[in-house]
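What follows is a set of structures to go through.
Same chain, two partners: subunit A is paired with subunit B first, then with subunit C.
Up next, the complex of A and B:
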C-alpha cells in the first residue's frame, strides 16, 4: 500500500481529533485575531444606532437550543445595543421549543442592563400558527398575544403604549434558524405592513438570505457566529462570539489543509495507477 | 415533619451544568463508536424536545388561548375554530373520518390564499426586479460603467449577475441539446452553480464548527471548581465506559472509515 493510499484510508477518528484540537487550543490560549466588520452587519448596527430613544424594536427569537451557539450571542449583542439605546424592546418567538431559552435570555440581558419588564421590555412568548402569527400581529398585536409570557394581559403594558400592530414597529429583527424565520418575517411582515427589517441567521441559511439583502428586502444580515462576533466588536462588548473567532479561524485553516491534502493524495494515487 | 428540600438557583445551575456536560460528552462519544451512552443522550434529547413542545403547546393553546378566554371572558366565538380543530381528530374514527376533510380543506385553502400572493410578490417579482438592473449609469453628462467589484450595485456586478442568471437558466433548459455554443453557455452555468454550492458548503462548515465551539466553550466553563468539575469527572466516566465496552465486544471492530 502506497503512502497516498494509506493517507486516503486514514482512521477518521484522527481527523476528528485534529479538528477537536484545532478548536480547543485557541479557546484555551486565544491569540486575538483581528475581526473585520462586514457592511451587512454594520448596516444593522447603524440602523439601530440611528433610532430615536423609546422607538419600538421587535426582536423575534426564532430558534431553539440546537442553534444556540450561533444565534444566542447575536441576540445578546442586539439586546445590549437596544437597551443601551433605550429602545422599547418587544421580544417574541415563533419556535415553541425556544420559548424557555428566549425567556432566560431576556431576563439575563435586561437584568445586566438594569431594564425593567413592562416598562422597558416585554417578552410575549410563543403563539401558535407559525407565519400566520405575523399576519395576525399585523392586524392586531393583542389578538395574536392576548397575554405575555408571564400571563399578564398585554393590553395596558406600558412598553406597548401606542403599539397596536406591526405598523407601529420601528425596526424588527428576526434571528432565524429556519422556517419560520427571516424569510417569513419579510413575506408576511415587512412586505405587507412596511416596517424596516433586519435579519440574523445561522451560517447554514445565510447564503440563501443574501439575495434578500442585495435587493434591499432586508436592510442588514448577521450571519452565524462570525456575524455575532462582528456585532460584539461594534458595540464594544466582547463576548462568547469574539472568544470563538480564533477557534473558528483555526478549524477553517485545518479543513482547508485537509481538503488540499486529500486532493493531493487522490491525484497522486490516480497518477500512480495511470503509470501502472 | 421533614422540611421539603428547596432547589435554589445555584443548585439548578450546578445540576444543569452536570446534565449539559454529561449529555455533550455522551453525544461526542459517538465519534469514537456507537455506544449505549450515545443512545441514552439521543433518546433523552428526542423525549425532552417532544415533551417540552407538548407541554408548552397545551399551556399556550388549550389553557391560555381557548379555555381561559371562553370560560373567564365569555368569548363564545372561539368555539368555531375549536370545532374545526376537533374535526381533525375524526381521522381516528373510520366512519367519521370524512369530516376531517372540511378541516383540512379550510387549512389548505387559508394557507394557499395567504402564501401564494405573498410568495410571488416577495420571491419572484422582487428578485426579478433586482436582477434586471441597468448596465450603465447616468453620471454627469453621459453614461458610465463602474468596475467596483465590492459595490453590489456596480455595473460589473450587474453584468456578472446577468451572465450567471442567463447561463444557469440555460443549463436547466433541457429541450435542446447542450452542444456547440450551447455547451459553452451550459458549462458557464455549471461554473456559477459550483461557486454557489461552494459558498453554501463553506457557510455550512462555518456553522458546524460554530456549534462545536459552543459546546467546547461550555465544557471549558464547566471544568471549573465552582461547578464541581463535571467536565473532568464525566469525561473519565465516558472514557471508562468506552474502554469497558471495547473489552466486552472484542470481536466487533469499530467502523473506521
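Up next, the complex of A and C:
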C-alpha cells in the first residue's frame, strides 16, 4: 500500500481528535478575531432599533435543544435588544420539545434585564397544530392561546393590550430549526396578516432561506452561530456566540485542510495508477 | 358501503378544497369566521394526532419487544423513558418548575433531554469532517466547482477565513445571495407548481392514493 493510499484510509478517530482539539483549544484560549457584520443581520438589528417603544415584538422560538448551540445565543441577543428598546415581547414556540427551554430562556433574559412577566412580556408556550397555529393566531390570538404558559388567561394580560391577532404585531421573528419555522411564518402568517417578518435559523438551513431574503419576504436573516455572533457584536453584549466563533473558525479551517489533503492524496494516487 | 368509503371522502375533499381555496380571496366576515373555525378544528385534530403518534410508537416497539427482534433492548429503554417522562410530567402538571423549584419533569428535561439532543447534534461535526475527508474529492469538473464553492463559503463564514483571505467574505456573500438564491428559487417555483398540480388532482379526485385501501 502506497503512502497516498494509507493516508486516504486514515483512521477516522484521528480526524475526530483533530476536530475535537480545534473546538476545545480556541474555547480555552480565545483569540477574539473581529467579526464583520453582514447586511442581513444588520437589517434585523436596524429594524428593531427603529421600532417605537411598546411596539409588539413576537418571537417564535421554533427549535428544540438539538439546535440550542446555534439558536439559543440568537434568542438571547434578540431578547436583550427588544427589552432594552422597551418593546412588548410576545414569545411562543411551535416546537413542543422546545417549550421548557424557551420558558427558561424568557425567565433568564427578562430577570437579567429587569422586565416583568405580564407587563413587559408574555410567554404563550406551545399549542398543537403546527402551521395551523399561525393561521389561528392570525384570526384570533386568544383562540390559539387561551392561556399563557403559566396557565393564566391571555385575555386581560397588560402586555397584550390592543393585540387581537397577528395583524397587531409590529415585528415578528421566527428562530427556526426546521419546519414549522421561518418559511411557515411567511406562508401562513406574513403573507396574509401583513406584519414585518425576520428570520433566524441554523447554519444548515440559512442558504435555503436566501430566496425569501432577496425577495423581501423576510427583511433580515440571522444565520447560525455566525449570525448570533454578529448580533451580539451589534448590541455590544458579547456572549456565547462570539466566544464560539474562534472554535468555529478553527474547525472550518481544519475541515478545509483535511479536504485539501484528501484531494492531494487522491490526485497523487491517480497519477501513480496512470503511470502504472 | 362504497359511498361511505370512497365517494363521501372524495366529495368532502372537493367541497372543502374548493371552499378554502376560494376563502383566501374573500375578506368577508363570514369567510373569516369559517377560517377561524377550521383552524380551531385543525388545532384539536393536531392534539389528537399527537396521541395517535405516541400510541403508534408504543405499539411498534411493543411488537419489537414481544418478538425480541434485533435491538429490542433499545425499545425497552424507549418504553421506560417515555413512561417515566409521562408519569412525572402528569405529576408536575407539565411544568418544569413550580414555585421556583425544579420538578422531576424539569430535571428530566434539563439534565437528560437537553444534553442528549445537544450531544447528538454536536457529534455531527465529527462525522461531517470524517465524511468530507473521505468523499469530498474533485472527481469531475462539477465536483471541483462544488468543492471550490464550498471552500470559499466555509472561509467566508468565519472570522479567521476573512482574516486570512479578506475577499472570501464578499465572494461567499455573492455565492449565497446570487448563485444559491437563484437556484433555490428555481427549485421553490418547481416545487410550488408541483404542489398546486397535486392539490388540484386531489381536489378533483384524480389522485386518490391518500384514501388507501388499494383498488376499489
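Heads up, the rule we're going with is that the second predicted complex is superposed on the first by the 276 of 276 C-alpha atoms of A that agree within 3 Å, B and C clash if a C-alpha of one lies under 4 Å from a C-alpha of the other, contacts with A are read in each partner's own complex, and residues count from 1 in each chain.
One rule holds for everything that comes next: a residue touches a chain if its C-beta (ideal position, glycine included) is under 8 Å from a C-beta of that chain, and two chains touch if they have at least 3 such contacts.
Keep in mind it's a predicted model, so treat the numbers as computed, not measured.
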First, second, both or neither for A:174, with subunit B first and subunit C second: neither
Touching partner for A:226 - first (subunit B), second (subunit C), both, neither: both
Contacts of A:68 with subunit B and subunit C, given as first, second, both or neither: both
Partner chain in contact with A:126 - subunit B first, subunit C second, else both or neither: first
Touched partner set for A:110, first subunit B, second subunit C, both or neither: neither
First (subunit B), second (subunit C), both or neither touched by A:154: neither
Contacts of A:143 with subunit B and subunit C, given as first, second, both or neither: second
Which superposed partner A:36 touches (first subunit B, second subunit C, both, neither): second
Touching partner for A:93 - first (subunit B), second (subunit C), both, neither: neither
On subunit A, the residue positions that both subunit B and subunit C contact, one per complex: 12, 16, 19-20, 23, 68-69, 96-97, 100, 127-128, 132, 135, 192, 203, 206-208, 211, 214-215, 224, 226, 248, 251-252, 255
For the subunit B and subunit A complex, residues of the former touching the latter: 31-32, 49, 52-53, 56-57, 60-61, 64-65, 69, 114-115, 118-119, 121-123, 126-127, 129-130, 152, 196, 199-200, 203-207, 209-217, 220, 256-257
Touch list for subunit C against partner subunit A, complex: 24, 32, 35-36, 39-40, 42-47, 49-50, 96, 106, 109-110, 113-115, 117-118, 120-122, 125-126, 128-130, 132-134, 136-138, 147, 150-151, 154-155, 157-163, 169, 173, 176-177, 180-181, 184-185, 188
In the complex with subunit B, residue positions of subunit A that touch it: 9, 11-13, 16, 19-20, 23-24, 27-28, 68-70, 96-97, 99-100, 125-128, 131-132, 135, 146-147, 151, 183, 186-188, 191-192, 202-204, 206-208, 211, 214-217, 223-226, 240, 243-244, 247-248, 251-252, 255
Touch list for subunit A against partner subunit C, complex: 8, 10, 12, 15-16, 18-20, 23, 33-36, 38, 64-69, 96-97, 100-101, 103-104, 127-130, 132-133, 135-136, 139-140, 143-144, 192, 203, 206-208, 210-211, 213-215, 224, 226, 245-246, 248-256, 258-259, 261-263, 266-267
